[in-house]
Every structure is written in structure tokens, then in C-alpha cells.
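The following blocks contain the structures, represented as C-alpha cells.
Two complexes, one shared chain (chain A), two partners (chain B, chain C).
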Partner chain A sequence: MSTARGGAPRSAAPYLFLTPAIVLFTLFLALPIGYTVYLSLRRTKVSGLGLGRGSRREIFVGLDNLRVAVADGELWAGALRVLGYGTLVLVVMLGLALLFALILDSAYVRLARFGRISIFLPYAVPGVVASLLWGFLYLPSLTPIGGIDFLGASAVTYSMANIAVWGGTGFNMLVLYTNLRAIPRSYYEAARMDGASEVAIALRIKIPMLVPAIILTTVFSVIATIQVFTEPTTLRPLSNTISSTWSPLMKVYRDAFVTGDLYSAAATSLVIAGVSLVLSFGFLRVVRGHAFEEER
Partner chain B sequence: MRTRLAVAALAVTLAAGCGGSTTPETPAASGAPSSEQPAAGPVTLTYWTWAPNMDKIAEVWNQAHPDIKVTVSKQAGGDDAAAKFLTAAKAGNAPDLVQAEYQHLPSFVAAEAVADLAAETAAVKAEYSPGLWGLVTLGTESVYAIPQDSGPMMLYYRKDLFEKYGISVPTTWEEYAEAARKVHKANPKVYLGSFSSKDPGWFAGLAQQAGAQWWSIAGDAWKVGINDAATTKVADFWGGLVNEGVIDDQPYFTPEWNKALNDGTQLSWPSAVWGPGVLESNAPKGKGKWAIAPLPQWNAGESFSGFWGGSSTAVSANSKNKAAAVAFATWLNSDPAALDLLVKEAFVYPAATKGQAALGDPPAYFAESQPDFWQQASAIGATARGFTFGPNVGVTYNAYKDGFDKAIQNKSAFGAAVQSMQDATVSDMQKSGFTLAQ
Partner chain C sequence: MGTRTRPQTARSLGLVPTGLLVLGAIYCLLPVSWVLVSATKSPGELFTLSTFAPGSGFFDNLRQLNAYRDGVFWRWMANTALYAGGGALLSTLVSAASGFALAKYRFRGRNLIFNILIGGILVPSVVLAIPQYLLFAKLGLADTYWAVLLPQILHPYSIYLARVYAGVAIPDSLLEAGRIDGSGEWLLLTRVGLPLMVPGMVTVFLFQFVAIWNNFLLPFIMLGDDGKFPLTVGLYTLLAAGANQPSLYNLIITGALLSIIPLIALFLTMQRYWRTDLSGGAIKG
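Coming up: the complex of A and B.
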């Protein structure tokens, strides 16, 4: 690039500027990931009763843990449960978020500010608190709605999805709404002059222009859903219907902290990370062509 | 459009960074550091415990011992506390002292997280019954903790409602089943009791009463017998009642269960000597209405009980002040003044034999209905039998929860859940390399 004036100090400068980022990345991302990979390759080996000093040592087992993790039926059964739960949450939550954003953005709404805040507010409630709150509302003797066993085997997935939708809609709505406000108003005026109704403007102008934001909220929601943990873990003590491996992340938690097997937990984490990566980038790859083609 | 995408991405990233509601919150994340003691000056010790008012008791010690300062860090009890301690020990920042439930102590020992106190505790060994002492030595020459309290089991029941429904206190489990049917028939909303799929410690106590031996050490090998005849008998008994619909299947300690205890739709609870504290806070309306009796027996004329809970004080293997920690643990669990405080402030049923003499007035909750609460309790306590716990109780207890959850949901035989506990325990021990006797 700059061979004419080229000198050593110049080529060092970019790295200097990058140093803070590289240090932070190494400390808080690369090292933990590296440690997880390292743990996943090891296991403790006990000899005899395992009680005295030195009867327990760490050994290298290669890809054994990973192989066991991938072959574990409970992990994939959990993934299937989360897939059902996630589809429900994604469709309802993003649908509602889009609907609310469009309504708040339309010219006719009164109290838009109040509406925006009240829809966003549940997002500010920590997940554990929200789950406990809803958990109490679900308990048969405390619920205001009788006749349904919210924590029973058939309803428990919907009950958990409801908590996630309640907590997540506001945030996604806000992202979509902010993007809507950035669309130049002149487009709408032109459409109105052409005789387009509010609904037609929403469908033909607003939603198409929102596509990038919708894709983003979808990707982040997919990642959040794969990592579902708080709701089932908090509701578990209240019900007989949620097992300790209901979601993949719960299985990781159980392996690491309940049954004391950090090595299997590390291996399962790697599998989950791999699946999340494939899903989110796969989704982006599929939709990117459709969404951004016309801009090029 | 590209910039809009970037802006949206930024907004999402920032907000997600500020508080993703799906971030798992591991209890292990907040370990209290213990390795910051100065080389000279007063020694400071951290102590993880969930016994109420332990900070007040530690304060009494601190007043008398200016050179050893004990700081109590209050924990949530139960299996989570054990997991948290194991994680902290692995990470190298365990507290100096920790409250260790008897069933978790072998896991602590196997993880080399607690110190051997054999030399320092020889003098106080005589203070405890051989059965309890066995729980802290695991049958070896070492001593891994000092016993603090024990939890012999008994039957708590609503005296007034037993009269109302015309049932007498069951002396055998057969009578208990009959009473359960009678009560539920008289009022379909009312149950004699509940089977909790979330409380493996409770089930272990009932299995002990029936004579089970879940783990034992034979020479240099572990023997695992969770699916023995006694345990299967207990499981099938409860499974029959639950599937018949005459015993409730609500887990204990849920708001739902609290309500049932409080409003008198649940009439009894096979529990441990620490039950008054639970009843007092969860069923305040029942004050003066509950009484205790020995657990129903498997064979008429026998008198056996089991243990639910009970804990000891252990010293971390990597504590820098082991001597000071042992001094405090010994004082706490054997000094008469400390035992008196344990009884009055922490409401524990002390493990030290002479501490049981400190039990005078009954708990206020039982003052009217069972004035001789402690006399009854210690008579029942003398009949309790326990068993050795294995090095992977966490696995067994987790299998209990998943197995019995499933059995209750599918209305299937409870014996299968016991088998799943056995299988999970054995396969985990094999995977780790423990020597197992056939």
C-alpha cells in the first residue's frame, strides 16, 4: 500500500491500536474457550475407593467426551423440546413485536410514549424474577385462572413460552420501532398521495424496509432460545414435569454442578456452541441473498 | 440500508450486553475468596453455612477470641450449596469452614476438598454417638468433619384433624395406607400426605428406616445396593398410594404444598426433627395443632427411624489456617455454651450427646400440642439408623428426581425409578474408575 514511504513504525501502528481489543478478546473470549476445549479432552480417573489422597487424577481422553456428548440421546431429546418451544416463542414474540412496532409508528396512535414504555417494561424484569412471578401465577391453588394445569405435562411448554414472550417482546419491538422511525417520512407521503391506506403502507413499505432489522432480531432470538435455561430451571422445583435435562443448557449445568463432571459439561457446551453457530450463520446465509439483493 | 442494519446490530448488541434475560446464573459464580489472610495479626476465617443466626454465634466466638475472627457467609442450603463448595474448591477459593451435610461429605472427600482432622479431633470423639461419628469418618481412620446436627425422622400430624376424620395415629405403614384411603374418601380435597419427587434425602431416610444400605465398603471396593429389597419395598408402597390417588404427588417446600399444610388439606408429614422451623414459617395457622409420633413401622412391634439431613462442620483442604479453623469447629460443636447457642439461636438438634440436654422447652409452635417435644424426639432419635453415603450422591439424587418425576407423570411403577437410580449411580462410578464389588 504505502511502499513509497514505507517504514517499520507505520506497520506497527495498526497493531498498537488493536492491542486493547486483542488483549480483551484473548482474556475474556479466547482463553475461556480454549480452557473449555482443554477440559473437554480430559477426565478424572479414580482408583480403588477414591477416598485417600492421590486416588484421583486427571487423564487425557482425546475426543471420548465429545463422542459421548454427541451420542447422548438426552441431549438431542432436549434439543427437540427446545426446537418446539423455540418455534413457538420466535413466531409469537417477533410477530407481536412487529405488530406493536407498526401500531406505535402509525399516525393515529395516542399515548405512543406510554405504550412503548409499558410494552418494553417486562424486559427490564430479570428472567429469574419473571419466571418466579409467572410460576406463582401458574400454581393451581394460587392461579386466578382455574381449570388449567399450567405446569402439567401438556401445558408446561406453552407456560414457559409465555414467560419468554412476555419478557422478550418489548425489546424486539423497540429495535423494530427504532428502525421504523429512521425511514424517511417522505416515502409515506408519496404513498398516501398515490392513495395507499395505512395498512398498505405498512405491508408494502414499512415491512420490506424493516427486513434487515427483522433478520437481526430473529438471529438474536434464535441464539437466546437455544440457550434457554432460566425459565425451566426456575419452574422445575414447582412441578414434576421438567426434568434436569429439559434443555441442552440445563444438561450442561447438571453435568458441571450437580453430578460434578466438568469434563462432560465442557464437551456438551462445545456441541451446543457448534449447533448455535451453524444455525445462526446458516440462517443469515439463507436470508442474506433475499434481503439485500436489490441494494447492490 | 446497510447502515441501518449496522445500527440495528449495534443496538441489539449493546442491549443484549446490558442484561440478556436468558443468561444462566450459576450459583458458583460468587465464591467468597478466602486466600487473603495476612501473614501476621489476627487470623480471619470464612465459614459457609445456612443455619440461621450463625453470625450471632460466630460473634460470641469472636468476642472471646480476638486472634481468630470468623466471618459467616450465609448460603442457600441443599444440594446447590454442596455443588457450590465443590466448584469453589476446584477453583482454589473455597472457604476455610463449610457446613457439610452427611450425604455430601463423601463427595467432598473424594474431590479432596476437605482436610483430615483425625489428630485434632481425637479429644472430642467421645462426645458423639458411634453412628454419627461413622458418618464423618466414612469407616476409615480419617476424620473429615465434626458432626453438628442430626435429623432423625418422625411423623408430624394434625392432631385436631386426625380426630375430625376419625383416624388414629398409624403405627405401621399398612395402617398409614388405610388412613390415607379413609381421609381421601371422606374429603377428596384432603390428603394424608404427599410423595415428593424433589426430596431424595427424605426418601433416603425412609429407606434407612426400612433397613436399606445404599452404599457399603467391602475391602477396597464399593458396593452399591440402591435397588435392594428394602428400598424397592418403600418405593412400591408409595407408588401404590400415589397411583391409587389417595396420596398427593406435590413436591415438598413449594407454595402449593405450604398452602396445603396451612389450610389443613394435608394432614401429616413424615419429616425430621428440624420440622418445627418449616411448619412455623410455612404453616403458621397450624400452631398448636401439630403433634409428633414415631414413623409408622414396616412390621408391627418394631421401632426404627431414619435420618433426613443433618450436617457437620468441615475444614477446607486448602485452608491456610487449618489449626484455627479446627479450633472454631470443635468449639462450635462440643463446647456447652456453643451447643446451647446452636439449640436456641440456630434451632438445630445437636449431634453432641450432651448438647441434647440443652433442649428444654418445646418449640413454641408445639408448646400446646406437644409439650414433651424434645423428650419424644430424643426417644425417637435413639431408634434411627443410617447408612454410609457414596462418593457420587449428586448423581444418585439427581436420578431420584428425574426418575420419580417420570414415574409420577406416567403413573408407572416406582420400583423402576429406584432401578434407574441404581443404574445411574453404578455407571457413573464405573466411568470414574471406582472399584466396584459385584
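Coming up: the complex of A and C.
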């Protein structure tokens, strides 16, 4: 039982304050997840020609949909594309974010304000608009850089990764920079007194202290990257090399709303969610160890 | 920056980081400046003038965009403002109340509730969007404003931030004093807690505002009637319709430019709130 430690009396107040969040969580998170699981276990059975009203009914098929989803070549082809794309995005985006955060935090940089605002600016540009701007810049008839078919089969992954890097670096830079600013300056003064260079301070003191923040940004970036949807969907009208199942989430969308197979879509989205959870879980354990220390 | 002492030997070192920073800034400003210039070009000039030479068609482009389907573009702009403004405001209030409760009370199930709510961070929206659509459809609410507004109010990370911020911004002694004076818990939330949390909550509001403003997947799935579209979905349909008609490009480009102006304005005016140490509190703690 929780007694009044720290002074707060036992009352219904905290539960009341949490009620909106819990209700929203139940309605828009828990319920939809449950519904996805439910749908993934079912399928429409068609009898006869499937024309009359009673000829289609929903039946329970257990894990059949999941089995089919996991064995689907289209899904894994998409997963492979996203793996390549995602690795590129994560490494370049987080690398640049870390580099710029360290530069902004170093004592000797000029134009820091201009740089910080400019690099953060793309965060204010919606993914659709970013894809649209870069998409036009990639178009052979409009591009300022000739000789490269940015939207061709061999370059399109890089072109798309560039959009994500452009859009995501600033936000991650801000998170890392904010964390850097929170480190007491006195840590560096001692090192400087000992003759350590700025680079050495960055490598030996700043980066190790940033580890929890780097992990946090990595987890969020991984979750976002696995679900890439906006960029390829927006570029599709401009390029014929992006299929309607280019990324796993695009396949889910197609299954659900174009082919109308909700059950497969539900099963596939569970597979994507599973992969996403497994990938982020390892990271999260470390994050919890660091960021939540105050609670233990 | 200027107040910091700069040893002579290190001053020259500033060239390399400053150079890198400027390169990064140019890369980030490139597409934005491109759209700024391109929106001034008439459909003909778009393909003939060199990339960064301004054209003469800006007001024609505006007129065309205005006329496009009876000004539906401005409708999209208003819808986006409603979704982002209303959604972010509700989201911030819910997060602040939750954060206050989680940071300032000890109660049964506190850690459990917190962990479950925070677990929501890890749920990819892919498992949510389709069933959310189906559930809204069952209630007859798909393709309504509610379908876009309601699912975006709960934001687990904002709750986490609000908890961290309430922990550092609200002294327990103040709540104690209030209780001794006989204030109810509701009064402590609304008169003591929330006012002290305002600086942090402005940041939560801004980030949520941008997230909703930029969201594409949810409205794309939920809405069919283009009178309810936000800008992202509207511009996408404009692109999908006009990708094969280069004569429509100027319309799309002008729309893209206008769609980013409000957020960029928000950025430049609210700058100090974009670098608060909300998350810094989490690391220090």
C-alpha cells in the first residue's frame, strides 16, 4: 500500500488526473491492437461464387494468416529494401546529428546560431513536402545536377535515404545538443587544464556521457524507419521504379485498402510490429537503465 | 558564445567545425530556397530558366492555386491548423495532468500505469492505423474531423516529458503548503502545478503541433472527402494528379511553399522553446 511518503495523502486525485490518458490509451491504442490481433486470426470464407449475401462469412483460421504473411516474398523483398535504406539513413543521419551537436557545443565555432536554426529547419517541413521538393529536384527535367537518374532503379534508394536524412538530422541534433548542454561545464575545464584538445574532450567525455541520448534517438529512429511510408508513397507518382509494395507498410496499406484483404494486412502489420519491438527492446533495456534511474 | 574565453591557439581550429556547420546549413536550406525561387516561376519558366533564377509568375501561381477547385487549398490549410492546434492543445493538457500525477503522487499502480503508457512509444503506428480506421468506420466516424483529431491526442513521449518536467519544476514544499492551507488536489493541479509547468508544456505543445501538422498516414487512411484533408494529404493528391502534367507543377510548388511558411514562422518566433532542457532533465536525474 502506498502511504503518504513525501507528504501526498492517499486520494483518488492521481487516478482522476490520469483518467484522460488511460481512456485514450484504451480506445486508441489497446483496442486497435486487440482488433489487429483478432483480425489476423480470421479470414473470409467464400462459398459458391461469393455473390449472394450469405456466401461470405468470417471464420477463425488461427495462425494461418501469420504463417502466410511471414512466408510472403513481397514482404521480405520490401523488408530487405528497407533494411538497406534504413541502415544508410540511421548511420548517416545519426552520425551527422552527433557531429553537428558536438560542433555546436564546442567553444570555437562561429555562426552557431545560424547553423543550428538552418539544420533544424527541415524538421518544420512535412515528409510529404520534403519528398515533393526533393522529388522535383530529382526530376530529369528540373534537376540542377545532370547526368544522374536520381529516380532510376539503382539510385532511388539513395535518393529516398537523402530525403530522410535531410528531414531527420536536425531533430536528432537538437536532442543530442540539448543533452550536451546539460553536462556541467566544469567537467571540461579540468580536462582543458590538463591540456586535452577539443576533439579529445568530445571523444572521451562528451560522447560517453551522451550514450543514453544516442540510444534514445536510435530507438526512435529505428521505429520510424521500419515504418517508412510517406517518402516512397509521395515519390511514387514521380518515379516508376517504386512499386506499391516498396516498403512493408506500403504493402500493408495496399492489402488493406486496395486489394481489401484486411486479414492479411493485420497479420503483416503484426509481423512488422514484432520485428520493430524486437529491435527496439534491446536498446530500450539500456535506456531504462540510464534514463529512469531516478525512479528506482 | 562571445563571452567565452578563446585561447589563441584554438581560434584557428574554429575554421574546420564552422566550415562543416555551414556546409550542413547549405544542404538543409537548399530545397527550401529552391521552392522559394521556383514558386516565382511560370510553368514555362520552370523548365527554361536556370534553377536558382527567379521568374515572373508568382502572383499568377497564387491566383491559379486560389482558383484550384474553388480554393480547396485554403480549406486544407484551415483544416491543418485545426487538427494541429486543437490536437496539440488537448494532447498537452492530457500529458501535463498525467505527468503531474505521475511525478507528484505516490499511489498504487503508479509504476505499472507509467510503464504501460510509456510502452505506447514502442507501438508502431502501423498496427494502429488500419484498426483505428475500421473502428471509426464502425461508429460512422471515419472520414470526419474526429477521426484525425482523437487518435493523435495521446502521446506517450509527451507524458514522459511532462513527468520529468513536473519532477523538476514543481517543488513538493509548494504542494505541501497548499495542502496545509486546505487546497484540494484539483486546485493544486490547476493553480500550482500547471502554471509552473507552462514553459515545459509549451515545448511539448510545439513538438506535438509539428507532429500532427506533418502527419500523413493517419489522415491519408481516415479521410476520403478532400474538404477535410490536411495539407499533407491535399498536396499528395495534387501531386498524384499532376505528376504527369508538367503544366501543374507550378501549382504544386506554390502549394508546397505556402504549406511550410506557417511552421517556419512558428520556428523562428518560438525559438527559445525549441531548445529547452526537458530531456536534459531526464539524463541528469
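Everything that follows uses one rule, which is that the second predicted complex is superposed on the first by the 251 of 296 C-alpha atoms of A that agree within 3 Å, B and C clash if a C-alpha of one lies under 4 Å from a C-alpha of the other, contacts with A are read in each partner's own complex, and residues count from 1 in each chain.
Just so it is clear, a contact is a pair of C-beta atoms (placed from the backbone, for glycine too) under 8 Å apart; a residue touches a chain by one contact, two chains touch by 3 or more.
In this text the structure is predicted, and so the values were computed from the model without any measurement.
Of the two partner chains, chain B is the only one touched by A:254; chain C is not.
By the touch criterion defined above, A:75 reaches neither chain B nor chain C. Looking at the shared chain after the overlay, A:227 reaches both chain B and chain C.
Residue contacts after overlaying the shared chain place A:160 against neither chain B nor chain C. Contacts of A:100 after superposition on the shared chain: chain C is touched, whereas chain B is not. By the document's definition of touching, both partners, chain B and chain C, reach A:178. In the superposition on chain A, A:66 makes contact with neither chain B nor chain C. When both complexes are overlaid on chain A, the residue A:90 reaches neither chain B nor chain C. Considering which of chain B and chain C touches more of chain A, the answer is C.
Looking at the shared chain after the overlay, A:123 reaches both chain B and chain C.
Where the contact sets of chain A with chain B and with chain C meet, they give residues 123-128, 130, 136, 141-142, 175, 178-179, 182, 212-213, 216, 220, 227, 229-230, 233, 237-238, 249, 253, 256-257, 262, 295. Listed in rising order, the residues of chain A touching chain C in the complex are 1-2, 4-11, 13-18, 20-22, 24-25, 27-29, 31-33, 35-36, 39, 96, 99-100, 103-104, 106-112, 114-130, 132-137, 141-142, 144, 166, 169-170, 174-175, 177-179, 181-182, 198, 212-213, 216, 219-220, 223, 226-227, 229-230, 233-234, 237-238, 248-249, 252-253, 256-257, 262, 265-266, 269-270, 272-273, 276-277, 280-281, 284, 290-291, 293-295.
Here chain C touches chain A in the complex through residues 1, 4, 6, 10-11, 13-14, 17-18, 20-22, 24-29, 31-32, 34-35, 38, 46-47, 50-52, 93-95, 97-98, 100-102, 104-108, 110-111, 113, 116-117, 120-128, 130-132, 134-135, 150-151, 153-154, 159, 167, 172, 175-176, 179, 185-186, 189, 210, 213-217, 220-221, 231-233, 235-236, 239-240, 243-244, 246, 249, 252-253, 256, 259-260, 263-264, 266-268, 271, 274-285, going by the rule given at the top. On the side of chain A, the complex with chain B involves touching residues 44-53, 56, 123-128, 130, 136, 139-142, 153, 167-168, 171, 175, 178-179, 182, 209, 212-213, 216-217, 220, 224-225, 227-230, 233, 237-245, 249, 253-254, 256-262, 292, 295. Taken together, the chain B residues at the contact with chain A in this complex read 1-2, 4-5, 7-9, 11-12, 15-16, 19-28, 79-80, 83-84, 86-87, 90, 106-107, 109-112, 138, 140, 142, 197-198, 217, 220-222, 249, 251, 253-256, 259-260, 391-392, 394-395, 398, 401-402, 404-406, 408-409, 428, 432-435.
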